[in-house]
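Structure incoming, see below.
Just so it is clear, A, B, C, D, E, F, G and H label the chains in written order, and each chain counts residues from 1 on its own.
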């Protein structure tokens, strides 16, 4: 199971894309609001119990001085995927990106592109799929569909 | 008392300047290594008990994806001063600055210039001095000395 | 009392948030227009007399080449909180942030996030609350409300 | 097995840290030079056959206009971890970071901090450890050692 | 003939300007959708066969982590012109620019301004025109028209 | 007469270049240490009396949160030339540049390149030379010498 | 007389502010379209004859790779004021600012804030006013009006 | 023939790499010092006569506010390749890159990576090679050697 968390309901529009693609790829997920700065105790609890609750990968989205992904990573040995959100208080997303990406040696966060929640879902599926053949096949099929979309656009270009 | 914390001994060279100027200004301080990412539980403990241990202001230094000042601020109602450190893993200091400065509404961190630990010490003294007349006088005297140094440089310029 | 100043009425929309949260936290404030570049003499007068007029913390907002917070800090020993405003003449806020944050050693400004006036008010209250038990309790209650808001969002997520 | 690749021997000093930490965490790895721009055919071959050769995670390091991690990710369904290298032709690392991080929807790369090869190794182990109990235990032990190092620094600070 | 490619139909609005100015300058072109990340095999095929299909210059547009121009340049000895597109997933265009511009020694991409597809078309014509007198004359005439437009604006300014 | 000021003796190495080129161009100058943040009263005095003391142009150098040029400009109607200094506390010069350049409407500062004190001296001479024929002739001669230096380098290139 | 030039009619909306404030300050001006890239010969002619045509200061506005102010400065000994315009082809104004500001030693351009044409007009008047008493008095009066506007805003704040 | 120009002898160390690779690829070149800001008339002359003197491609290197490549492009219909040089007066190369890259529509400059003179030489050869079979074969051989170097590094990695 993949755990998806974010600091505020306002991040949900972005983060829902992770959940949607996980559904497409046949991976179970749960979602919750966990704020590093407003609910630090809940965050500690969430991260420390995640593995035992059956979570294999955590996807965490945050914006501005985005501490949620890195703090969760400090509290678990599960892989943590961070989604920098271009929230309303962010300086064009640079703060979100840098405060998730630039983690010190010892505590990695797998950082996605700005607002890249869809890719967070795909990466979580790839992690599951590295040992789960069924998900690996769904991913291969997903890649074929990407190709087919380009072929379709190519046809549209010539005969619009 | 002012509590000075940092994530690693390698930050000490920078952070000692906060302690030194506090000594000059007659304010008591203590110092410890507290890492947001390597010792999250110690950090929670430190921040939650700070007020009861007699600390009035916390000065926290960190570099890269610098989460220590903001996380401590989320766990206490004391004023927290953040010093962005240009650590070896930082991209010219931009990550350190943005991940301390850009805190969401509700949880402020008083951010200093890059490597500005000396100013962190002075600000901590100003906070103490806002109600402590003795420290306020030390600060006034400190300001006069800044002026005198410029006057001295001005004399040197003319007759070097 | 907290003194809130800004260079232009156009900054008021942002800066009013500092005043509002101070009211919530039970701290008295006053507000004025003081421009570093258009009324330098008024600024000198304001800063030099602030302590004697009973002000304990100054909150100053400015944008672009934002000199108001730093210049006021050079003229008083009170703690000064700077709010970088993303004004219409600013390059995405970078000038506002850097010209407030990067103060030289000797003259600190407690810098907030871009447009972070609400946090300026909270920090001013934290400074007052470091010795005023009544305000400290209001701050603790404020923190509890932040937590409750996240809990409420968490419930909404599950049963929207 | 984890596959570690880089575009040039000059990146090896950085990338060896990924291999070293994998050895510490009990995960097997192999290493090769694969250049997106100088050996595009070898890169295609490497990426397409990786899963069948028993590789579960690919770690790819590159600098400047860093295309290796993203191109490998386009050619496999395995999780790909990208390490932006601050190579001699890079503009302070910004090009390396952005050309790895900002992947389009559909093709994620788990991006690490600048020169963050050590964290790439740890994340690869976390991915393996999400289903391999033995590696998970090594990771938990590794986390404990991080804590112990801070405790040791804390003792040094008090009695240097 | 000039080959114009882009990763998605959404880039067409920008890239059509290259085609239009080529028509004006009397240079034949073809256009297709080729995605580095979604159709890597098609990209390899396109680049490797371009010279034999009579293409003399390739114009490639891409945004975000923009790998198309650089990867095509790695697979052909034809001159490749890269157009950084300010796509919806780009951080103000910086990722697009840097991931096209900062190519390693050995594999150049002639990089244009952000969204500078019109200039890509003109440069392609200049390359053709460096040995084709007819196109060179069209370019000289095009330059005269630029001058005439300024003269016309100058007249409008005085007598609007 | 041109007045040259800077906040600290450490800026002198850069600022002396303004004085030297003024001497070359036959324009009288004086130099002093005036700090916006450490001697605000001296700065006010300096700026307000400059015109009456016979100064026609003020050259002000400063680094980091550089307030000296802008504050002096707010206190005089003389033209003020600002030199952003890449001081030791500056973030690669960006703070110095932006806090001098981005002045609000009403109070201009003629901003030079980073560490561009030599150009500040030349611009001051150009301002004087706009009505002083003798200085204008020196400037014309100076421009000829720039050309001659290039011609000399051109000769060296061919026969080194 | 002040000569105001710009590369395109689309810059006029910004540049007209320079003309308007010059009119307010009693300084004569003329305006023309001169493009560095589309009419290089006209630019050379304009710059070389400016002094003899009675121009004392040149104000030049340009955006993107903005070469007009610097090239004009290379062709005259008059003071040149550059206005970086945030044109439609500019990356948030950074290219406009840097390609005007960062002139090499020997050829200064007095750079204004982004879109700071109003300040360009004021600086041009200050240059004229450094020897013209009538304009100096207008400038002093202009400064008084800036103060009065702040006083008016201050009154509005209290009794809105 | 390829014409290589630069503003100062200090750029030669970088620009010589263009000449060297052209020699390797069998393309004739000439080199000169031409400064946009110090010898604008020489620059006009150089650019206007280049085609008639048998030059097919111009390679121009410059740093800081780098106007040489763009101004030359405005004066000729030949393809112009710009090399942003990280000169001593540049802000980490950003000014050099942006003032060459961000040319307005109508006047393209084929921009290379920072200090990318070697790639400028290769691109010039590719332009020549688009119609010259002998140079095209040299380029194909050059690409094979790039591959062989990677193969050699790959062997070194395994048996150092």
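Everything below uses one rule, namely that a contact is a pair of C-beta atoms (placed from the backbone, for glycine too) under 8 Å apart; a residue touches a chain by one contact, two chains touch by 3 or more.
This structure is a prediction, so every number in the text was calculated from the model and none was measured.
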| item | value |
| --- | --- |
| Distance in touch steps, counted as few as possible, from chain B out to chain H | 2 |
| Distance from the mean Cα position of chain F to that of chain A, given in whole angstrom | 51 |
| Cα-centroid distance, chain A relative to chain D, in whole angstrom | 18 |
| Chain A-chain E separation of Cα centroids, rounded to whole Å | 34 |
| Multi-partner residues of chain H (each touching 2 or more other chains) | 7, 38, 64-65, 89, 91-92, 94, 97, 101-107, 113-114, 116, 146 |
| Contact pairs between chains, per stated definition | A-B, A-C, A-D, A-E, B-C, B-D, B-F, C-F, C-G, D-E, D-H, E-G, E-H, F-G, F-H, G-H |
| Complex contact set, residues of chain B against chain A | 7, 36-38, 40-41, 44, 64-67, 70-71, 73-75, 89-91, 94-95, 98-107 |
| Sites on chain C touched by chain A in the complex | 92-94, 97, 113-116, 146-147, 149-151, 153-154, 156-157 |
| Chain F partner contacts - residues on chain H that touch it in the complex | 7-9, 12, 31-35, 38-39, 42, 64-65, 89, 91-92 |
| Touching residues (chain side chain F, partner chain G) in the complex | 51, 56-57, 77-79, 81, 97, 101-108, 110-114, 116, 118-120, 122-123, 126-127, 129-131, 136, 139-140, 142-143, 146 |
